[in-house]
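Letters are used for the chains, namely A, B, C, D and E, taken in the order the chains are written, and counting of residues starts over at 1 for each.
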Amino acid sequence: MDIATVIGLGLGVAMMGLGVVSGGLAIGDLIDIPSILITFVGAAAATIISFPWTSTTGVTAVIKKAFQNPTFDLPNLITTLVSFSEKARREGLLALEDDINELPEEFLKKGIQLVVDGTDPELVRNIMETEISNTAGRHFYGRSWLDAYAGFAPGFGMLGTLIGLVGMLKNLGGGDASAIGQGMATALITTLYGSLAQNLLAAPLVRKLTRRSEDELVIKQVMVEGTLSIQSGDNPRIVKEKLASFLTPSERAALKEEGE
Amino acid sequence: MDIATVIGLGLGVAMMGLGVVSGGLAIGDLIDIPSILITFVGAAAATIISFPWTSTTGVTAVIKKAFQNPTFDLPNLITTLVSFSEKARREGLLALEDDINELPEEFLKKGIQLVVDGTDPELVRNIMETEISNTAGRHFYGRSWLDAYAGFAPGFGMLGTLIGLVGMLKNLGGGDASAIGQGMATALITTLYGSLAQNLLAAPLVRKLTRRSEDELVIKQVMVEGTLSIQSGDNPRIVKEKLASFLTPSERAALKEEGE
Amino acid sequence: MDIATVIGLGLGVAMMGLGVVSGGLAIGDLIDIPSILITFVGAAAATIISFPWTSTTGVTAVIKKAFQNPTFDLPNLITTLVSFSEKARREGLLALEDDINELPEEFLKKGIQLVVDGTDPELVRNIMETEISNTAGRHFYGRSWLDAYAGFAPGFGMLGTLIGLVGMLKNLGGGDASAIGQGMATALITTLYGSLAQNLLAAPLVRKLTRRSEDELVIKQVMVEGTLSIQSGDNPRIVKEKLASFLTPSERAALKEEGE
Amino acid sequence: MDIATVIGLGLGVAMMGLGVVSGGLAIGDLIDIPSILITFVGAAAATIISFPWTSTTGVTAVIKKAFQNPTFDLPNLITTLVSFSEKARREGLLALEDDINELPEEFLKKGIQLVVDGTDPELVRNIMETEISNTAGRHFYGRSWLDAYAGFAPGFGMLGTLIGLVGMLKNLGGGDASAIGQGMATALITTLYGSLAQNLLAAPLVRKLTRRSEDELVIKQVMVEGTLSIQSGDNPRIVKEKLASFLTPSERAALKEEGE
Amino acid sequence: MDIATVIGLGLGVAMMGLGVVSGGLAIGDLIDIPSILITFVGAAAATIISFPWTSTTGVTAVIKKAFQNPTFDLPNLITTLVSFSEKARREGLLALEDDINELPEEFLKKGIQLVVDGTDPELVRNIMETEISNTAGRHFYGRSWLDAYAGFAPGFGMLGTLIGLVGMLKNLGGGDASAIGQGMATALITTLYGSLAQNLLAAPLVRKLTRRSEDELVIKQVMVEGTLSIQSGDNPRIVKEKLASFLTPSERAALKEEGE
């Protein structure tokens, strides 16, 4: 469980509840089924048009990712790569073949396999970086459904309010102040929903997924640099120095101690 | 038929209908011919100024594309390119000449023809990538009519509302509450139309066309990489590995099985 | 005459007229000289500050361009360049000297002259691309006056409305509903003007000029590629293939037929 | 004096005055000392936080620049550089030493001095382009104070209006229409100030300074190209051709005539 | 203490206080605990979702940085690097080993150590620039929490106002003008808070941190260029010239005098 997603959502919902109570309303006063449909399903409709159907069916898997903890461990990866580099210097590149299956990541396995197979370094980089850039593209497409949703939600909230206002205004003559107030209150609820869908749900999740993706791509970039350093037979100390540049100062200090 | 475009549009229209009914209005209350003309034709007028006349006449063809299913099949293309690469290694580049006409795509035909003709690899890449970047530009121009329309629609919606408000306010003195309400309701309808034109029609279609174009350009990029790999006589296994980097993990797994 | 600019403007003005009539107003109700000055001249004032004085005096020439038809013909240019390439292969680069004056474009003349003079290819590209990038910059500056105007117009429209509202509110106590309505109607007119100046005039013209400029720069890019191909003595068939990458599929088909 | 800045400011102030008069107000009705402080000083406060203290103290020098005429003369610079190139070809690079002090610009002096000292061309370019990019950065920082101010001004205008509205609404019960109108009018004045500060002052000055900076950087780029051409002993005719690519067509024609 | 941050905040708070007083309110009238929670905690909730939990716990350290004075001294660094370059020319690169520990910066120590160890220059640049780009990324992530907060604050302010308006409108019938005014005033307070959180707190701090980061990265870039110049044995005069390109004209003049 990603604790930040859970805490943030809980806190946000609590604050909205506080607003409702301190505004002299009951929670039920803000729940209006047609308004929910117009705003949430309407924004979903516009988003569905915007994407291939598979993006829409795959969006729950994407959202789930924002609730899960990331699993990568960069310092650990660097330690593994350095040990591979030492082994390759001692026993040759072919000796790595036995260790490939122990690697935790398909992407790194593939890279080391290419190296063991004696592929040209330029080509190894080319293949690995093409995959990185296509992974980046896939991540981008995955979260862009939510991003589009975040963009459409306030628009559909406003559409609901406009329709509600027109309805209320058409009957302005016959109504008393109380009825007018009720009409406007109902009309405003979709604007509230649209803003909530954007600000508390879709936009924060898009940001979380963006950051998650960037972290994963750095991991993959370290794998590329490590693989190529191993192939070119760099000094393991240099490999460590080079890959440590991707760490934060505190991670780097930890890595240093451990290595000595 | 692109199912997502159809489902999304249907859903969106249904939600708007629900809003009308739950707002105590009849559908007819929201249909006002002058308002339709001011918003939709007004926004079209601004868009027409923005482009060459041929862009305006060609926009229906562009819109139609958003309703059609894409036809490309990336894994299949890769299989074809790998088999070409094997043939070229066995029988030489000239042997590919007979197979060119079987290729499904003008762009790939041209690339392989250049290779068979013995064109310099640098030039092959140059010619193919120039065409890709010009195709990208054409796609961009095609959808930018709709993109401009999406941008102008809310502006013309607001213009209609402003004109309506001025009309209503000029006669404020003589009118009763009911007439004022009617006037404001009518004035607001163009804002509603403008928002609808942007959020349910133009903006989602622009997004769909953008994604469609990006997918087509990836296909073309795979064709370039494949053509150049064939020309340089790369090992077919490497060609497959290289092109597979453009696939999603699941497509890649499928390709692997099939190849063994 | 650029037909799209004329049709679009006519249509846009007609739609605004329709709005006025259907809102129960006379055209004269929306014409208010001080409001026109505040919005249109005010936005011009801010734009004048933003640029060198020569940009302001040159803006009518820029606007005029959006009403004129473009004159370039890309397929025709390619045919000329291919014939130059053939002549250069047959008779040497010096033989092109006689044909330079027939060329329709200063930029291409200069390029071919440099080639005939035996200038280093790297330098030819350098000189031609510097000029392209400076032309792009000049086009950008030309239209950015209008772009700034499009950005300032709604702001000055709102300023006019704010001043009008303050005036109306200061006298709220003594006025009847009719006077208040009149005051607000007049205040709103500048917002309407500002939106009109942006949406129907300045923004569409900026888009048109942007596209016009991009088309001209592609032409110039084709001239660069053609000139350098001629200089390096490329096979005319290859020159044609290379330059044809800049064409649309239909233009390319036409070029092909003609060439055979 | 930069005439455009002066004319634009005068015109803008005149239009605002016209709005005041035609709205039935006296100029004094729009002058409210607390409102001025809240908007202008408030926006300055947020901008002061945003920058190092030296940026705030240096902003008047930056603003002054927008009122001064630029002093560079590109055609004249090119003529100088071409004559240097001729002299260097005739008498050697060392012969330029005597002319360095006649050069009007520190940056060019430094470049030619490096050439005379026999510095490696790659290093000359490196040193000069580093300085250009750092000059660009300094210009950017200089005007970004104003840019931030332009962004904060409407926000503080709105803050003032919100505070005013809360004050007015809190006393809604006891007040008559006249008092309410007065309250709202005063509340709106800060929004008006914020918009004015952005649209008539800060944003146009930022645009002017941006353009000014770009023009200066082009001058410096010409100096780099000229210096390197002189060092590599290019033919003066080629130097002229190359540098002339940075001119407008009319400047280029003038340069040509003069040179013959 | 960063004096600009303190002065700006003090000034901003004073201006808001002035607005309150001149609007006929007491400070207490604008303090409403539920409104504070809805806006400030609500925006924090959305931001918490957007980031890993460690970003949220680390944000106070980031904010503290905006209140501290930067400690780097670029001219001094250049003097140090030039003296290192002189020593390396006189006594060889190994002689620098003793001076490494005197260096004030981990990053420069590491670079010089790599040089002393005889690492390949390409690799030294690679390692150092990887670290710069990862430092830039870390700075970016550090301030992006605040940036997201600045973006969410107005949204939650509006959400609070919408909830308040719905509450007020639901009870419109029974209330007198005074109660309506009180309701609207309270509803507006969250919008005011949201705007304040963005304009006076988060957005200026983000700008300050951005600038601070850019300054630090320039320092690091100078360290890279200096280290590589030392390694390649450049003439100390050239090293000075090269690094001086990163200085402002006045810093450069000061450096020159001191050096002579």
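Everything that follows uses one rule, which is that a residue touches a chain if its C-beta (ideal position, glycine included) is under 8 Å from a C-beta of that chain, and two chains touch if they have at least 3 such contacts.
The UniProt protein names, listed by chain, are A, B, C, D, E = Motility protein A.
Every value quoted in this text rests on a predicted model; they were computed, and no experiment measured them.
Novice: What are the mutual neighbours of chain B and chain C in this structure?
Specialist: none
Novice: If you walk touching chains, what's the least steps from chain B to chain D?
Specialist: Each step joins two touching chains, and the minimum needed here is 2.
Novice: Write the angle of the rotation needed to overlay chain A on chain C, where the fit uses Cα atoms and the result is rounded to the nearest 5°.
Specialist: The two chains, chain A and chain C, differ by a rotation of 145 degrees.
Novice: When the C-alpha atoms of chain A and chain B are each averaged to a single point, how far apart are the two points in Å?
Specialist: Taking the average C-alpha coordinate of chain A and of chain B, the gap between them is 24 Å.
Novice: Give, as an integer number of Å, the spacing between the C-alpha centres of chain E and chain B.
Specialist: 40
Novice: Quick one: in the complex, what on chain A touches chain E?
Specialist: 2-5, 7-12, 15-16, 18-20, 22-25, 29-30, 66, 70, 176-182, 184-185, 188-189, 191-192, 195-196, 198-200, 203-205, 207-208, 211, 214, 225, 238, 241-242, 245-249
Novice: Which of the residues in chain B come into contact with chain C in the complex?
Specialist: My answer: residues 34-35, 37-38, 41-42, 44-53, 55-56, 106, 110, 114, 119, 123, 126-128, 130-131, 134, 137-138, 141, 148, 152, 155-156, 158-160, 162-174, 187, 190.
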